[in-house]
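Got a structure here, written out as structure tokens. Questions coming.
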Amino acid sequence: MASILFLLFSTLTVLCAVGVVVNKNAVNAAGCLLLCLVGVAGLFVQLDAYLLAFILLLVYAGAVVALFLFIIMLLDVQGRQSFGFSGITTFAGLMAFALLLTGLGTIAVKGHLDAPRLNRLAAEGANLKPYAQQLFTTYLLPVQIIGFLLLIAMLGVIVLSKKHATEEPAK
Amino acid sequence: MIATAKPDLVTVNIDGKEIAVPKGTNVIEAARLVNVDVPHYCYHPKLTIVGNCRMCLIEMGMPAVDPATKAPIMDPATGKQKINWIPRPQIGCGTNVSPGLHVRTTTPMVKDAREGVMEFLLINHPLDCPICDQAGECKLQEQATGYGRGYSRFIEDKNVKPKRTQLGPRVTLDDERCILCSRCIRFSKEIAKDDVLGFVDRGSYSTLTCFPGKKLENNYSLNTVDICPVGALTSTDFRFKMRVWFLKQTNAIDTESSVGANTVVWSREGTIYRITPRRNDEVNDTWMADSGRVLFKAVQAPDRLSAVKINGTDSAFDIAINAAAELFKANAGAVAVVGSGRSTVEEQFLTKQLATALKASTHLVSRVGEGDKLLVSADRNPNVRGALVTGLISTLPGVKLVDLGAQIDAGKVKVVVTVGEDLAAAGLNAGQLAKISLIVLGTHAKSMDGGAKVVIPTLTAFEKSGTFVNQQFRIQKFLKAVPPMAGATDDLIVLAKLVGAAGGATIPTEVNALWKTIAAAVPALATTTFANLPETGQLLDATPFSALPFVEGETLHYKPAQPVVAAANA
Amino acid sequence: MFDFYFEIPLVIRLFLQGLAVIMVIFPIAGACSMAERKVAAWIQDRPGPNRAVVPWVAWIPFLGTFLQRLGIFHVMADGGKMLFKEDSLPGHVNKFYFVLAPIVAMIPALTTVVVVPFGAYLDAAGKIIPVGLAPLDVGILAVFAVSSLGVYSMILAGWASNSKYPFLGSVRASAQLISYELSMALSVLPVFLWVNAPGMEATMGFGRVVEFQSQPGFLGGMWFGFLMPLSAFIFFVALFAETNRQPFDTVESESDLVGSFHTEYGAFKWGLFFVAEYSHMIVGSGVFMLLFGGGWNPLPWVPLADLVGWLAQITPLASHPLFVGVLSISIFLGKVLAMIFLFMWVRWTLPRFRYDQVMKIGWQRLLPLSIANLLFYAIAIAFIQK
Amino acid sequence: MAVITVERKPLTFLERTYLPQIAGGLKTTLKHLVAPKKTLEYPEQRPAIPTGYRGVPTLVMDPNGREKCVSCQLCEFVCPPKAIRITPGEIPADQPDRAHVEKGPKAFDIDMLRCIYCGLCQEVCPEEAIFLQNQFSMSGYSREEMVNHKDRLYELGGTLPDAHFKWDKKKAAEEHGNAH
């Protein structure tokens, strides 16, 4: 039962992940991304990590991808010709590939988690407390810094988008 | 002051406006020339004047002259010659103009007089306008509106007189509506020369009736209906059929004989309801024969042809034209064309073109009856002279198609195109008809349609525009009154297509465009255009045909140029 | 007595339970559309739909007429119409997403029910056990997460319709839903701060919340709606916005957007959108009642257990788990339906906000208010529960 | 034109929350929710038709049950949308009670898809034969059904009192003979 579900969700996730990259139609790609996230959430649920699953859904599926779609539709980018690889995109792609390889290599080499730790995670996975505790103790500073960075970014976006209004004299 | 009169004109003053009119004109006609309406009932320009309706009362006066010295008496107030106004109103119809005559039609006295006359005319009138067929063209309605007082003081019972009296086969009389103008009586006596009508009894018992043992049944009886100013005389045929205000009037020509009486066709939504005469003082005055008024019934006759047929089976127009073309090709040089004196000038022109293209002989069917010396002439074809003018024929047609019969018997003719003519009735026998392939353009089913190779339905004179040349060589136009019947095709289009099928040139089929072609091809019509043809027609030069023995005798406004050749073949 | 049921394999049992819940939710959502018409009519001094009738029901002397006047059969007539009328597919639409959108609308609407408990029973120990398909620890998060996916149906429907008004509607929808999700989430946090008292196992489920509202004592028996009125208010307002109900139905505003995202839809696909909307309302009302309205407790300070105790004095049958379950589910359903009536009542009372007003209320009023509310309760709870 | 500047009072805090107004509105609607219904249940309950109501045009009979229309076609003439179509006909002389009227409609059609209920036909009728009465619902499944023929028009119109008895007087005068 569990393995069937795992296979189902992992297949869905992988196929949709490929779909995000391969799809020329931006709306289809965003749809694939959404399904991909749902698949990942399903995998999380199987690990009894309900909190992660639903936060993933709430933040990424519910809000971020919705905004993606929103912008794709507003800009109507789907008819555009795709750009070829330029120097910088090739470089970025290679970097991303290298990072992916590194990650996979790391998991392959030392990704094996010992059973007691897994069990402990499984027991606490469904519970809020460990997450909260970690967030508000060990990782308080990073969380705050990241939050602050996001706030700055948001302010920057607002300032940039408001710039037009000041440039064009109001009548 | 009064201007010097021209030799044959007299100058009169009507409502302050001076006008020179011919001597002998009465005041109503003179006033009409200065657009002053003098209301009248009994007066009719083509009938004698009796002055019995008293509606046309006017105030009249003459310039004052000193009886002793004959010197004009001047009015010190205006500095003009004084007018001696007659203290009583005078009738306009019975008063002929005289030099210096002064007429007033708007004074209180005239107004009072008219109101009085109207009141008397209306006291016994049944006021049944909702039922009356004259409503809408009734002089009594018009003048009650224009000159009446607008209300009735008559509270007594109205007179009762016979209603629904049949004066004759075509005329119904409602005596209650009669205002005793006697127009009908005078018409019967003077124009129709059939004195059958008269008044009986006196006072308010006066009643119009036929003389004992007589009936109003002459061929001009319906003219009494036309001239009746009220709804007393009504046409039995048109009675209660349709209100006149719904009817569209289209100028037309009576097709029953070569007189070419001018008519108006009254129609509504494609249905013709009646035909009335149209005034043309050169042709028919204001009259027409009863027999011409029922011709419209042919339009919706049950035997109207409505389907193109090839060998008796329904087909399509283009296929029929192709079939005709094949017949023409297969029998080149053995084709004859029978035109018709009932066709319009345009159709006869196209028939001529067809004959030329086919190198065919042309024939015309003659119809001769007895002329009634009034408005029905001996030649019952309306347009034989059109065939002469367009060159379709050069001699008058024989009574029977003897030539054509002989040619068929001799095998020289194998295909006959007939334009609206019944060849069996025109003199071909069954054996001759069996030998030929017949192409029929016709409006109504005829005896030989079953044997015809190709039948193409065409239009009656009411469904198309065109021209006729009458016995006076007067070319007169008529217009399309109702839309063509479904399935029938305009003769012009059919003929033009046949000309094309025979290998001739393309000819326009729209009347105005066609007339340019006709004007170019026919010298006698070189200056004529359809659009500019006057309502009263245009006289053509008759001299090239003066030697021909026309059959018509004398009719109204027509005298034969030479003694009538006795209708030997009649 | 029901042992045979528990012998059925779990998967099938879950499937049956899910089906049962859907079989309840779906007709209620359909009936809501009828109720909406009736409420609208009553508020407008009209009798409302009262004509349709099934013959053999009409023969029942009193009840038949009553049901007919109530318009019950119009639901069936409407459903039949939706099913059988021609389902047109406009030529200019993106067919795949056009068909997908109403299906996507149904998924979150029916999935969220899974984590919402809708009743309770007393176990052998006399402990209240919530009844629900999947009582998760993270219940409220699951509801938020899954219901946030509902926006996709509107976005897809609007975009796939390939027409002006639906697209504008879908753009509004996505912005509005995302805007009010923030306030909504922040408004419920004080409740969970309160129920996650020190020393207790951390949870974001609904069971604990209802449990907290069933305690003895003045504060204990008080529903959170009274304890945290501002939270309840913010949640309530945000709920209107999230379900696109008047006065926040700018998404579907007929006067300026024709029909918004469902302009191009008809027949059954259109009906699915409506059922989804009412399902959202039902689930939203349920969540509201669980969090702020005492869940299946009949009255404030009168927990379900007390009621069952009183009834058990009359008849011992009252303490049977089945009876308690039915009783609690009825109470809860009654509350939910009352809440839905409130939705309708508001709809036929208030005019629609302008879109800029909606955004202004969301970001400039409700969001600061909910943050202040959160801070206030965080500090207050910190003091109380220290 | 004088411009009156109306000062807009600033809203109080409570007003700016909209809440009192919303509560007031809910109160109003709640009252209506339980208030008695004000609508008519149409097919069973019919509205009272005021006098002078212009419903479907109909033909009426006189108190003797004779048709009043003499097919003068004035209504056909005046009808703005040309909804009326009359075929006039002669009343045969063998109908003793009606022959003196002479003329009556052979066919009388009113196309209710064209009729605009303007009432001009009633106004113009010299015989007071056509009335726009209180019939207000016309429905049918086909265009043909929506054309009221003569029998239907009389069925709808019924008999109306006649103040004039014009034709009876006419008949009496005829029977009485000359009125001298």
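Note that the chains take the letters A, B, C and D in the order they are written out, and that residue 1 is the start of every chain.
Everything below uses one rule, namely that a contact is a pair of C-beta atoms (placed from the backbone, for glycine too) under 8 Å apart; a residue touches a chain by one contact, two chains touch by 3 or more.
Note that the structure is a prediction, hence the values are computed from the model and not measured.
Trainee: Centre of all protein Cα atoms: which chain's centre is nearest to it?
Mentor: Taking the mean of all protein C-alpha atoms as reference, the closest chain is D.
Trainee: Quick check: more C-beta contact pairs in A-C or B-D?
Mentor: The greater number of contacts lies at A-C.
Trainee: So, what's the distance in Å between the C-alpha centres of chain C and chain B?
Mentor: Averaging C-alpha atoms per chain gives centres 89 Å apart.
Trainee: Could you state the distance in Å from the CA-based centre of chain A to that of chain C?
Mentor: 30
Trainee: Can you give the whole-Å distance between the Cα centres of chain B and chain D?
Mentor: Between these chains, centre-to-centre, one finds 46 Å.
Trainee: Rounded to a whole Å, what is the gap between the Cα centroids of chain C and chain D?
Mentor: Centres of chain C and chain D (C-alpha means) sit 52 Å apart.
Trainee: Can you list the residues on chain C that touch chain D in the complex?
Mentor: Checking each residue of chain C against chain D gives 39, 42-47, 50, 345-346, 348-350.
Trainee: List the residues on chain B that touch chain D in their complex, please.
Mentor: Residue positions touching the partner: 129-131, 135, 156-160, 163-164, 204-205, 239-243, 245-246.
Trainee: Quick check on the complex: what are the chain D residues that touch chain B?
Mentor: So the residues of chain D in touch with chain B come to 70-74, 76-77, 88-90, 93, 100-103, 126-127, 173-174, 176-180.
Trainee: Going by the contact rule at the top, pick out the chain C residues touching chain A in the complex.
Mentor: For chain C paired with chain A, touching residues are 11, 97, 136-138, 141-142, 144-146, 148-149, 151-152, 155, 159, 167, 170-171, 174-175, 177-178, 181, 196, 201-204.
Trainee: Mind listing the chain A positions that touch chain C in their complex?
Mentor: So the residues of chain A in touch with chain C come to 1, 27, 34, 50-51, 53-58, 61-63, 66-67, 69-70, 73-74, 126-129, 132.
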